[in-house]
Each structure stands twice: as structure tokens, then as C-alpha cells.
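In what comes next, chain A is part of two complexes: it sits with chain B in the first one and with chain C in the second one.
Let's turn to the complex of A and B:
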């Protein structure tokens, strides 16, 4: 049974989150809470752990509908990329699906790519 | 710390900013003020690119100001937006907790030794290497994504003013 698809989705006021089989998580809305890690850090970690348990070769994180986030939220994506990068056993590609029309995604995922290009892929949608 | 390339607009212009707000340092106000800033810049200057930059500048400067504001009765924040037709300037005045001043000064000095893109990348690397520390991506993000230079001025009564100046 897939661990990834049974990861519990947190309830957060301004974000819609959907996990779909076999390897996709979709986030939309905005993330501007004072400490978004409270809602999301454990969730991202659970997805990461489940992806390793399922021996997934790729996780697709569709953030194209995240219209604005604060830097504390960007930090959560840095952490996720770092977990994958630092994994010594099985690793998967963390593919972010981003929108060309959302400014923060262009700048921040470019920087993230520089940080962990060996485990990241960025895909653009309109 | 003064920006050598673009002198602050407030020194050159008539005394009336395009926008001036004064409010208590509450997190709950930030979303609304950021979205007003987006609307204002889009409507006044007609470019979505500037509206997006304004959002980053307003969100991150106000987050810093709210997080580190003192609890005193005169800790209200002031936000102003000015333009001379070529440049735009966002200015946030706050009364921070004294313990925050030196780390803010150090952070600003640090990011300004690098070009904006390199400073943002360096902040990502630091965040990656220090998973337990706070993110400290905000100021570098303002410079790079906001397309502005930052300066800090210490004012009377312990207040500080963070000014972000960039091309329209």
C-alpha cells in the first residue's frame, strides 16, 4: 500500500492541499502565516518519508497555484530539497511544477535549483 | 547604510507621499496592506511586474517590523510609498526591540556585500546548512525579487526606518 497517498493533509486556512496517487502533491492559495512550519513542516517531512518508503523515483510538487508566499514558507521548500539532497540511500527527484506567471516562483525556484540541482527538477506551466 | 546609486526619493520630493499609513504592529494587518500595495501599484503605475515587486517588499518589511516591534504604546508602524516618476520608494518606520538592532544591521551589511542574486542564493545556502535556525531569507528576497536597494536609518526615540528604493 502506498505510504505517500495516505499522508495526512493538514488543514490550513489559506492553502488548499491535495495529494494524488502515486506521487503528486498540489498546493494552491497563499502562505503568509507567521510560522507556516507549524502547519506544513511536518506534512512535507511525512511526504518525504513516505516517498522513500514507497521507493518513488520522483515526487511532483505542483505549486503553480500558490500565488504568494512569505520567506518563511520558501524556507520549507529549502528544507525539503535539503532532505532529499542529504539522503544517502534511495533518493528521488523532487520536481516542482511552477507557473511562469507568478513572480515569486520564478526567482525562488531558480535559487533553489542552484542549491540542489542534482535532486531537483523545475517544470513550468503557464 | 545609505544606497549610493539611488538617493532616497523622500529627500528630493514634495513632502507628501503617495501612500502613508500608520497602524499597530499586528500580523493580521499584513495581508490586507500587501494586497492594497499590489492594487495601488498596479493601478497607479500600470504594471503587474511592479505590483508583484511591491508585494514582496511590503510583506517582508512589515513581517520584520511586526516580529521585532517593542511592546510599548508608541510602537506603531508607518508605511509610505513615494515616487519621482523614475524610481519608487517604500519606507517602513518601526520601534524595534533594542536587542534586534545589531542583528538587523549585521544582516543588512552582509547581504549588501553581494549582488542581489548572489545574496539571495547565499541566504538559501545558509538556510540549508542551518536547518534549526530561523530562515533569514527576507531581506535578501526583498533586494532580489523586489528589485530594490535597502537602507536603514536610526531615528530619534529608538525608531528605525527601512527604506527600499528601486526603479519603477
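Let's turn to the complex of A and C:
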């Protein structure tokens, strides 16, 4: 049984989260709360742990519908990439699906790519 | 192009009683010197708030919605990032007893968001120092702050203003009058 698809999705006011088999998580809305780690850090960690348990070769994180995130939320994506990068055994490619139409995503994910290019992939949708 | 007024030309992080510091965006803004001028014009909206639960989220949501309704989508998105990060800084680093004023301002060519608040001298120095780093190299500072956000460190990472200049390409302008500071993030309309 897939661990990834049974990860508990947190309830957050401004963000919609959907996990779909076998390896995709979709986030849309905005992340504006002062400390988004409260809701999301544990969730991302659980997805990471489940992806390792399922021996996934790729996780697709579709953030194209995230129209705004604060800098604390960007740190969460950096953390996720760092967990994968630091993994000694099996590791997967973390593929972010981003939108060309959302300004903040262009620079942030390119910068993130330069920090962990061996485990990240960026895909653009319009 | 970046500009200082005479009080700021000492290139020091020590704030004077009245000073100004401008940091252009990193994306070829040197060909647009007018962006470094102080933004004056019509106030589209002004919100006064105090520190408290939801102040950041609700004020930001209101300003973002207003900008989205009145400005081009791409400009509104950029100002939304600017509004959030400036307001967040004011709430995190400003004096809790003072009001925070956030305004959307437009002139014939420019539009911007300005946040005003009181702060103690040490905080103003820290802000000035950070802006000087951004003025030197916005992209490098952005990357440094992104790395520091993983490793932590002292002072704590200040990714917000780096996002404003590098990520969404807004020109930052700091004006200090005694303990009152006004930070403006602006771009072409």
C-alpha cells in the first residue's frame, strides 16, 4: 500500500492541498500565515518519508496555483530540497511544477535549483 | 542606479536623524534612473494597523485585492510581495507601540507600496546595513539569505527584502526621520 497517498493533509485557511497517486501533491492558494511551518513542515516531512518508504523515483510538487507565498514558506521548500539532497540511501527527484505567470515562482525556484540541482527538477506550465 | 542623499553618503550603517537610501532592483534597473526618485503622487489606499493577531494576513489580503483590482496583474503581483514583506518587517522589527501605515501610491509613471513605522536605532541600523548589502548585489544577497534560511544564524535570515528587490524587481527606498522610518517599494506602472 502506498504510504504517499495516505499522508494526512493539513487543514489550512488559505491553501488547498491535494495528494494524488502515485506521487503528486498539488498546492494552490496563498501562504501568508506568519509561521506556515506549523501546518506544512510536518506535512512535507511526512511526504518525504513516505516517498522514501515507497521508493518513489520522483515526487511531483505542483505549486503552479500558489499565487503568493511569504519568505517563511519559501524556507519550507528549501528544507524539503535539503532533506532529499542529504539523503544517503535511496533518494528521489523532487520536481516542482511552476507557473510562468506567477512572478515569485520564477526567481525563487531557479535559486532553489542552484542550491540542490542534483535532486531538483523544475517544470513550467503556463 | 542607486542614490543617496547627502546624509547617507557617509556609506555608514549608522542612521542619521534624517536620511535616505535607495536600492534599485537587480534586473537592469540602472537604465531606469527615475525609479530611484522618491515616489510622490496619489494615495490609492491607506491602511493604519497595529501589531496583533491577523494584522499581517488581513492587511496584506486587503492591499493585494485592491492592487489586483486597480493595477495590471503583473504589477499587482509584484506589489503584493512588496506589501507583505515590508509589513512583516514593520510588525517584526518595529516598535510595538506605534501605528503602522501602509499605502499604495501611484504617480504618472510609477506605483509603489510604502510602509511607515517607528523603530529603535539598533533596528534602523540593521535595516540600513541590510539595504546596503542589497544595493551592492541584490542577487548575491538573495542567495545568501536563502542559504542562511536553511542553516539559520545570527542575525536571523532576512530573505524578505531580498525577495522584494531581486525576486520581484522592486526598487526600495528608505527614508528615516528620527525614529520614524518609511520604506517604499516601487516599480513602473
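Throughout what follows, the second predicted complex is superposed on the first by the 126 of 126 C-alpha atoms of A that agree within 3 Å, B and C clash if a C-alpha of one lies under 4 Å from a C-alpha of the other, contacts with A are read in each partner's own complex, and residues count from 1 in each chain.
We adopt the following convention: a contact is a pair of C-beta atoms (placed from the backbone, for glycine too) under 8 Å apart; a residue touches a chain by one contact, two chains touch by 3 or more.
Remember, predicted model here, so these are calculated numbers, not experimental data.
Asks: Of the partners chain B and chain C, which touch A:103 in the superposed model: first, second, both, neither?
Replies: both
Asks: May I ask you to decide whether A:115 touches chain B, chain C, both, or neither, giving the answer as first, second, both or neither?
Replies: A:115: touches chain B and chain C.
Asks: Touching A:75 in the superposition: chain B (first), chain C (second), both, neither?
Replies: both
Asks: Is A:38 contacted by the first partner chain B, the second partner chain C, both or neither?
Replies: A:38 contacts neither chain B nor chain C.
Asks: Once the structures are superposed on A, label A:57 by its partner contacts, choosing first (chain B), second (chain C), both or neither.
Replies: In the superposition, A:57 touches no partner, neither chain B nor chain C.
Asks: On the A-aligned overlay, A:20 touches which partner chain: chain B = first, chain C = second, or both, or neither?
Replies: Neither partner.
Asks: Just to be sure I follow: which residues of chain A are touched by chain B in one complex and then by chain C in the other one?
Replies: Common to the two interfaces on chain A: residues 32, 34, 68, 70-71, 74-75, 78-79, 82, 103-104, 107-108, 111-112, 114-115.
Asks: So in the complex, which bits of chain A are touching chain C?
Replies: The touching residues are 14, 32-34, 67-68, 70-71, 74-75, 78-79, 82, 102-104, 106-108, 111-112, 114-115.
Asks: Which of the residues in chain C come into contact with chain A in the complex?
Replies: 56-57, 60-61, 64, 74, 77-78, 80-81, 84-85, 88, 142-143, 146-147, 149-150, 157, 159-160, 163, 166-168
Asks: What residues on chain A touch chain B, complex-wise?
Replies: Result: residues 30, 32, 34, 68, 70-72, 74-75, 78-79, 81-82, 85, 103-104, 107-108, 111-112, 114-116 of chain A touch chain B.
Asks: Over in the complex, which chain B residues touch chain A? Could you list them?
Replies: Residues of chain B touching chain A: 27, 30-31, 34, 49, 52-53, 55-56, 59-60, 63, 67, 117, 120-121, 124-125, 127-128, 131, 135, 137-138, 141, 144-145.
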